[in-house]
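Can you read through this structure? Questions will come right after.
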Amino acid sequence: MAKVLSNKSLADNIYFLKVSFKETINVKPGQFFNLKVCRDESYDPLLRRPLSVFDFDLDNNEVSFIYEIKGRGTRALSNYIKGDFLDIHGPLGNGFTVDFNNKKLILAGGGMGIAPLYFLAKYIGVNNDLTLCLGAANKGVLKPLVDYFANIVVELKLSTDDGSFGSQGTISCLLNNSSLGKEVEYDYLFGCGPKPMLEWLQSWMREEGISGEFSLEERMACGNGLCLSCSCKTTDGNKRLCKEGPVLPADEVIINGL
Amino acid sequence: MAKVLSNKSLADNIYFLKVSFKETINVKPGQFFNLKVCRDESYDPLLRRPLSVFDFDLDNNEVSFIYEIKGRGTRALSNYIKGDFLDIHGPLGNGFTVDFNNKKLILAGGGMGIAPLYFLAKYIGVNNDLTLCLGAANKGVLKPLVDYFANIVVELKLSTDDGSFGSQGTISCLLNNSSLGKEVEYDYLFGCGPKPMLEWLQSWMREEGISGEFSLEERMACGNGLCLSCSCKTTDGNKRLCKEGPVLPADEVIINGL
Amino acid sequence: MVYNVGLKTSLGPLKLESPVMTASGTCGFGRELADFYELKELGGLIVKGITVDPRDGNPTPRIAETAAGLINSIGLENPGIDGFIKEELPFLKTVNTKVLVNISGHSLNDFKKLAAVLAENEGIDGIEVNVSCPNIKGGGLAFGTDPELVFKITDLVRKEYNGFVMVKLTPNVRDIIPVAKSAAEGGADALAVANTLPGMKIDIESRIPVLATGSGGLSGPAIKPVTLRLVYEIVKNDILPVLGLGGIMTADDAIEYLLAGARAVGVGTATLIDPYAPIRIKSGIAKYLKNNSFDHLQEIIGLAHKKGANL
Amino acid sequence: MVYNVGLKTSLGPLKLESPVMTASGTCGFGRELADFYELKELGGLIVKGITVDPRDGNPTPRIAETAAGLINSIGLENPGIDGFIKEELPFLKTVNTKVLVNISGHSLNDFKKLAAVLAENEGIDGIEVNVSCPNIKGGGLAFGTDPELVFKITDLVRKEYNGFVMVKLTPNVRDIIPVAKSAAEGGADALAVANTLPGMKIDIESRIPVLATGSGGLSGPAIKPVTLRLVYEIVKNDILPVLGLGGIMTADDAIEYLLAGARAVGVGTATLIDPYAPIRIKSGIAKYLKNNSFDHLQEIIGLAHKKGANL
């Protein structure tokens, strides 16, 4: 059980949720939590909703999320208020690789795929040189997310589909165009976002010879490795995104493989 | 839509709920409301829950209920707090006959069947001579209900199954024993409570030649006369308790007739 | 809110002004709903199941709530066909919407008789044949589980009655296709898909089933996935126009049925919880069409098959 | 909390320390649950469906949420019988609870082969035969909808395998009794009642079914009334001991099945939402027995029939 500290709207349909746990927890960037959104007396909506960790405060056992209202579950979640209790599983999944030092790292996030990159950036930004490429549909979505990144000193490259904030286009432009500067040698890339973006990233990374990892999404019934609803095909066989994932080596993932 | 003004526990599993309506409503004693207990994003619990009017404040469009937590629906209801909105249908049903003047009236209530008698007593108490016979399982249930009746000047006869408050026994004792005084001629009786109590009352009224009416309960899916789940057999054919009832002439009801 | 989109549809020969009808047993004979809105707002009204003789219905409790579902065993309480003609038909003649009469029988002859009497009377727009009642002779299984009986009943009704005939199928079969085909062969104009699923709830305090009859028919959101799939299957096999129903609570639910290929939808349990539900759903459909740049309802009917996977 | 009541039960020859098992496909091969509690706390573990050859499973999305329900089309992703024996059996031999292996096939021969291989291996307590898979030769309808095929499959498995055999029935039939009887005639020791109902959900934005395969199997609270009724019917006909499952979320749900006559219960979807659910349910049953002055679980099994109405 976690206590809701804040659950507020950042933009149209985009919410920031912060909860505190009683017990001590330890969370890695890229891990996720699975939130029960129906009330005690109800079985509808039935399943938990998986959300990536946006931020984690170790000292106070506080976890933050940023989520978009998509359907009934996230809408139900948006109705919780400060003081309510939420039945939350987690942290779940493997999380990003974080033992980098003095490396040039790209963090590429599209849409709500930006969410897990904030805690990652905070976590690895101290010892490494980060370039963040963040894209979203429009300013309404991107701006409130980007505002959080303002207090960590990183290089931000932004794009929106409609050009209302940052360059116009998808993340591919940010990585493709001169702004990235061919002369820089990047060591590793972290990617999170919609499948077409990851597909593009994968081939770009192959071309550029950059290795990295993706945080992937799939519908999850359990989040605990029990049901195989979240299987992802890889060159190393099927992986459960809730257990062996959600972060997998970019190279191994066979996007749309199943 | 009605706004919750208060929803507080009176005793173990017994709650007092007060709501206010924006629109002007007019409520008769014995009518009921049908309350949606699930939240907006949920279909579970699915059906509305019918509750009798416990009290009505005409000036402020405020309605009060007293309810017992029995299952998932009433438990869900107990979680609403001040400021929440409730989707409520009503007032529904016919209500008690109230055009009495200078009559000696008995109001007999068992268990939560006491709830509708409070507003009735307030409504008809001014012009008539009332005797209230109220019974419940134990003091824990009966006392908080009875406390409300303290500010209307009526004669109260109380019983509990375990004798913890008032006489020991069922309502039948209150009506049977000397306390009622055979010399008084009663004009009419209002009864509300469990079926065995109403069965007993019916035969007692026949013996004593007292006419009256019962407020009856049945599982209701619609409360609007659409589904026939609430049929009650009477000497005048089946009646829908949500529409032609819940109050029916005591004489006509065929208890357990269906 | 008025959305400038076309909502007309049809179930074969039956033309509807809009696609949302109220389901049998959940709208009485229309009188109560008329207190809430004008019935012409509805695509149509499918009235409570009528039997040959008047029926008191089953003992109470007649309903039990389950997770996102409702089990009922009303037991076809109704005034009988003569009572219906005398007491209800005059009112129904005055309502400005399509009126279908749901008929139920416990023998083939019941259906024949009901159709014959309705054929003699003006003022209704068609018959919905409820084949979900138990076949007393056949050991109590519903007629609707046997393709041959469905053919026979439809054929009998068709021969007695010239107007619109829709057969309402039971979902409680291993394969709906043969049953749907039988109704088509028997001469049905359309299919209503589907009726309730058999279900039970037990009270763990009294330790007996909640319903006085033991079990009843499950309706509501719980069954939507099951009935929606049946609609999709029947449409895929292109048998007859389909009225889709089962668990429709919102416009989104109704749209799922339309995308699956239903030409109109029925709203049952939702009408019990909120009498305005059919109207809300109708305007929600219009809004969806508008927001997605469709001019007419017909454009979305069956779309899920275009790109849909094989079942 | 320890309640001083007896919880032992049996499914025919299979003795269980307590009545709550985890349902196939919702507990993997036990490893993940072992992180939450000792598996001996369970009445038993029914592992993921195994096929002859390894399977990658269906394309994703493999699940869709419906009102109080879950539709899945995992597609039997599993390591195949040889992979199972090699990779999973060693671990399962170490767990201190009854282990049943769920077997699935797409031909009669598949079932025969699976039973034969399991017969050669020590360390499992029985087989659960999943007859809900589509019969490829029979046009894709599930084997379990045909009493004759259920007899044949059970008979084949029985002849190969000496141990405990439980047949898991599909609820998607017009009448469960003939199917249950066929399993009994084929030599089954018990019945698991029931598997999922076929169901569909359509995404109204993309306008195609949510599941990549179009439709899948509906589980969860939504189906409980349906499967509970089937258990009640089979028990009434006194065919074989029954494991009841379908939508059990709480002890109260499990108690309904026990009152209906199930001798043990399976917990599926609830385990996905909360891995502790089976344990919670077990102790809730014990609490109910205590509060109602029963000394032993066996005292409540089938009570709903004593006073129950006729179906």
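Each chain gets a letter, A, B, C and D, in the order it is written, and its residues are counted from 1.
Convention: a residue touches a chain if its C-beta (ideal position, glycine included) is under 8 Å from a C-beta of that chain, and two chains touch if they have at least 3 such contacts.
Everything numeric in this text was worked out from a predicted model, so none of it was measured.
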Common touching chains of chain C and chain B: A, D
From chain D, the most remote chain by mean C-alpha position: B
Chain A and chain D, separation of their C-alpha mean positions in angstrom: 36
Gap in Å, rounded to a whole number, between the CA centres of chain B and chain A: 54
Approximate Å spacing (C-alpha centroids) for the pair chain B, chain D: 46
Inter-centroid spacing, chain D versus chain C (mean Cα positions, whole Å): 33
Residues of chain D touching at least two other chains: 66-69, 212, 220-221, 249
Residues within chain B bordering two or more other chains: 43-45, 73
Chain-level touch network, classified as line, ring, star, complete or other: complete
Interfacial residue positions of chain A with respect to chain B in the complex: 37-45, 72-73, 75-76, 79
List of chain D residues in touch with chain A within their complex: 25-28, 31-33, 48, 56-70, 72, 74, 77, 212, 220-221, 249, 269, 271-273, 275
Sites on chain D touched by chain C in the complex: 66-69, 71, 141-142, 145-146, 172-175, 197-202, 204, 206-209, 211-215, 218, 220-226, 228-229, 232, 247, 249, 252, 255-256, 259-260, 288, 300, 303-304, 306-311
Of all residues in chain D, those that touch chain B in their complex: 67-68, 221
Touching residues (chain side chain B, partner chain C) in the complex: 36, 43-48, 73, 218-222, 224-233, 238, 243, 258
